[in-house]
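Encoded as structure tokens, here's the structure I'll be asking about.
To keep things simple, chains are lettered A, B, C, D, E and F as they appear, and every chain counts its residues starting from 1.
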């Protein structure tokens, strides 16, 4: 039986129409042969203030309908260059952070093993730990470009909990997942629990570029330093949407005022062109605190930049 | 390659997780062999007040994640009894009501031809006309149970336009799609443009049960009358969400105060058990005016009742 | 010069279009010859909880675009039967309740003197006092039908303030503006500052029908009692939107749960048919706390009922 | 030094003013000598759909400013009759449901040991388990009046998790905390995962009054049955706000349409007058999904009814 | 009869008060003698994502109450220098884009013929086509300064539709309404359907200043280029509110992140001082997606800048 | 009796938990010995557009839970260096601006007399007058750093009212509370009622730095000028949140587009390090118009900067 052309993959369909997978990529768990899998991790149990990030993957997918397909500044059409699939969501366990981490680690490892790159949609930032575990197993210690308002290198949170959205990068460094000579924290700001929060991050080896330093340096010098440190190492990008000012990204769990504009972060991401990006995540989008979807629209555009960077790398190789 | 069980069809997956098709039914345009196809019609160009119903299908799908699967009052699990598919959306043309109607008529006719029942998710009420056209072509003149605050039997709207969300049932009667001896309007209320609005609906043959009459009759006697009129005729259900009071269904385009509670409408739908339902629609859900999704949650439950009624019919036949 | 017909008076124009006066009535301060003047009183300085009622008149006007014109249950088209004008707003003084009351009293008295009935749109309930002053000057002591969750008969509020939204009816009784034999409070409920709140209202002469009594009596018996008490006395209707449950009317300053449905209040108002209504107000609509405008849509419909009742009286006289 | 009278305990202060403890009760952890302690449990990690209930305690406290103090239908001023304190919140552990339950159990047990009654503000419904544990330790097996849309008697959720907001009452029955001859579930409705959900609840010994049965019985007969079963046993009230229709209580995690009105639930609670209430909770208020605070206003009023019932018991004893 | 001074024209009245015409200008269709007519076009049927712009004119009028009257940077009081009227809205036809365009063209042509300048309030950007038709009939080919995130020079949209909010400037160039040597697109950014979107705009003759180029050039050099190109030609300004970043203008249909700040666009508009502005529009304000009215407040200020520029021109001529 | 450690003072408790005082400072009216008292003034009766600022103090307190305690750019932990108390709210009189001012003046004077610095949370800007009165009584004429979009130096508002949120600084200068040689207005912009608004502010002695001048000067030169003028005079900071752009601070009563970013204002405040700050206020936060609390989060951070500056001064003295 023939039905009129579905058109609900690809961007010919109007943005208000059809089933929402990321960028209308096919939804499948058959990952073999894909270049990139979009993987949702709808877990928000490890956040210290506003929950809601469990709906981040769904909202980002919905707003990705607006990504018409071609990245003009980078000159690439990632959905054409790459075979992108939407894997759907990892089956998280809201009541148990470690069970959730285990599920992420297992599922993402299996995808990566197939030589498929993963871009994970959070969920809260605690999920960066199993994501780094899965990637380090495949690629060895990782260069990490970490956009955030907070260092996320506490030792414990909620009393003596080792696993929370405030601790993933300390755990990752302890577990030797990160090449700290190539670990940059960008956009850090806001009150902390004490002087030691920054000191400890530095002691762990992070190159912390606070918002004040970032505003002083300018984008070109930040990018220069990133490239000097990362060079050709396998690099993982982890972007907490609260690195961007709440005016541009209100829909998040622990907003910090005085952050980047979305224009600045777009420029920073595009400036990563040429780096050997092996994976990434975009976390802490909390739709119940969004309005008019401006945070999830921004997030879907940032993921589009990730895809574009990976697409350029593929083109350069070919 | 084996990946852990996807579970993103069926209701084992948690409601916050996964890709949103209606009730996690498979998304496909291969309709052969299905019992029911859920079909979105994201068109809101014919509404006289608040637009936004173009996002109705998407919102109803999203909230259908909450439909755990078993209908207790009716004792049926429609997603198990029926093979339900999510067809996705008809490709509407926002700038042209007739082109939209044509697309609906063509696509829905093709589905129906395969002996698949269609439940359409609006979109504004203008889409009832092509839906009735498609169904009448298959089934002949239809009994119609029409829940609404407004008769929608104007001759023209927006000046001299014949096709709008205020005119579909006059057009349908003119086109002899409706068996007016079995055409009931239920829940009618609110100011009208004049005395003639009701008079003309009655002259066209509608049995109008205003909200005042409905409240006086009570549900049992309304159901008695419906059954007497419809008997075993093929019946189409068209439900404008504004039949329900704005307290229960704020997310709609032309709210009328003083309507049914959602409990009352659920009881009315369940009371249609045994009727020969050949299709239906649920229209005028306007998500930008919804809050906390209560309107789309209600709408997804009402569609669940439609499915349950159809499932019971299938069980009775078998 | 000839421009295509404006149509922006009357309901031929679509509800999303044009300048918002109440029911598209002409905006003028030339009141002579009018039957009814709609008068806004955008004052919210006397509320004990959430402010915002200063935007009540504007929101009610905007949603009145939906009032297509004909009242079916009452069989009357008030904008055709009556010459209705939209007077605009009294110039209130946010920092000074007494200056505001003075302005209301003066302006409304001048309108009434011209034999024009006034329907005032609040604003908080403190404005009922100068409205009653103006009406009593013209009509003598008034029968008052008072829909509310609260008696509003405190002696003082905010320390020793005599004028607030919690005191107008005590002041009015003290000033002998109300015929207490025909003063009914309907829908009273919720916690009070003590047992004395109800006792004092009763001692002042009010016939208080609490929500519990109202639910027990049913609408017919409430209406019977209203009519027995009011008989043919000049009657003023004052309706605090919080008489209606917050599910139906969330946009208000001091919501009380467990109230009337909007259907019940519509029926009560329609049941006042035949009473000698000399004026009225609708107060405490607070748009910043409304959603999807359901409160202001309800309020505009209630004002439409006021107009319909007055129109029926005019028809009966003619 | 003398500063003008603070007045920020008691309801003399205006509702928009001052620090928000429940009903302006003193905030202290010195519980000895108190009659009732209000205890917040800001945990939302065990919910299957929308998170956000972690902010329930804060929102309910804020809206409790509106509780002027005197309960007219019951004729009691609970904040005068009882010594009420606001204990603040239990220190929950978002990443670990069992650690949270342990903290609730320990802290609440210590309060109860001092002969102080606890009313807990959720948080999601998983917290009912440790609350029942603490109460059963003190009072023995409990009669339980359970208002809910869902039975919450699943065996597991989120895969094989034993502790979630869908399982507390099965766990409690297994742990012999509940006297099942006096365990009533009231307001149950909506789709379930299968026929077995109800069957299993019944097999566990619950008297389930579905919404359909409740609407048929009427409030008086429901109350009769409650009283017959509970008699003079120590009774714990657990009220999931989703027992009430989303029109009245939109701010919740798993809304079910077709529920009670707030008026009905207020009447049911008041009807429990005279029962030997030893504790209670009010759960699943999710402020990010509330609008205009109507859900938290309702919740604070329901807690006010709990307090009023306890106050009446104290008066009767004295 | 004398009533106290109305004061509801002019800005003496407080912003929360009175009937909302633009800047409290008189509402009339007698255009002769006016300098500028504000004309609403409440049509949103041609948008590819979020509808709602039909309420743009109403929201902009409402927020214009805040425009106290004097433009400090430009040193002019436009409502005093100019005779401004509020024409109300063109009667659009939601179901038919061409009928709508016809109505706009006819009505605006008649206004312009009277030597009255028109500032149109959208509505979606499709309305720029009939506006340009009307202006070109009067003034000949127009210089056009076009602020937008998108080129809007597609050939077709929604399948083969020639008229949409994505095509007006291609149609206008085809119809020789625009002097392409003086046609500037400013603020273009975001993903497009392919490389060809920009190429085709350039091929049509547009001078496209993408956001990246704009940020590099700085405002002074952008203004220099605008003035060089436009010189003393009759110039039409068309401003899509999505040219501004969604942080500043969330209330729009197809938001693009990474745009101008409102400060930048205000400076750009003020920099147009001295150009021969013959008309303009401000489109794509979608109030259902606005919050706290910040988008419509911005829009009303931008229209105030248009008026100020026209007022300066009048002063210079005199 | 021993209960587990409360932890609900200090920032060890999670931000979603516990009773909301500012920064979890103890709530007390025993001010002796404190360094700083946070004082709420929940009055919004003097605003010319959107009310709601009465909830400013409550919302700022709630969001202050996110202030982890240590100010990294300034290197100080103000809640450790200073003894901060939360005084609660002054008992305002909504119906009477002068009674409110009297209460503020009296209560704040008594606090200041005890050598406790006051940071007041508004409420609308009218409250700056009694705050300046109280401070000038203690410290003599004050240097004033005034962040605002509006000069607030009108002579009258609302007709002939001398006391409003548009007049406090004229009144203060008339009453010789301000040392005009050290009075700076920063961020002024937007339409005014005429040329005279700025002229009169200048004539009163203000150094007005409009937004245009500020953007031209850059932060360093603004700070240089502030320091030159203020030198070592006792300085009062008054910050109207509308000095910041509505993108960053939508929750306010009279938004003006084209303002500072929050980053800019944070930098300006931190640049005041070393000035002799004797008190301050933060006004015009209107929570009903906020979304996702971004305005109140910003406000609580700005107050944190005030505290940090005062803490540095204390450290320098010691």
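By our rule, a contact is a pair of C-beta atoms (placed from the backbone, for glycine too) under 8 Å apart; a residue touches a chain by one contact, two chains touch by 3 or more.
Model, not experiment: these values are computed from the prediction.
Shared contact partners of chain C and chain E, listed by label: B, F. The most distant chain from chain F, with centres taken as the mean of CA atoms, is B. With centres defined by CA atoms alone, the chain at the far end from chain A is C. Between the CA-based centres of chain D and chain F the separation comes to 40 Å, rounded to the whole angstrom. Distance between chain centres (mean CA atoms), chain A to chain F: 38 Å. Residue positions of chain E touching 2 or more other chains: 14, 16, 48, 50, 54-55, 91, 94, 158, 245, 247-248, 289, 291. Remark: the chains found to touch one another pair up as A-B, A-D, A-E, A-F, B-C, B-D, B-E, C-D, C-E, C-F, D-F, E-F.
Every residue of chain D that touches chain F in the complex is listed here, in rising order: 1, 3-4, 6-8, 13-14, 16-21, 27, 29-32, 40, 42, 54-55, 58, 61-62, 86, 88-89, 91-92, 94, 106-107, 110-111, 114.
Those residues of chain C that touch chain B in the complex are listed here as 11, 14-16, 65-73, 75, 77, 245, 247-248, 261-263, 266, 291-294, 297-298, 301, 304. Interface of chain A with chain D (complex): residues 44-48, 50-52, 54-55, 91, 93-97, 99, 126, 158-159, 161, 163-164, 288-289. Within the complex, the chain E residues that touch chain A are 48-50, 158, 189-195, 197-198, 210-212, 215, 245-248, 250-251, 254-255, 257-259, 289-291.
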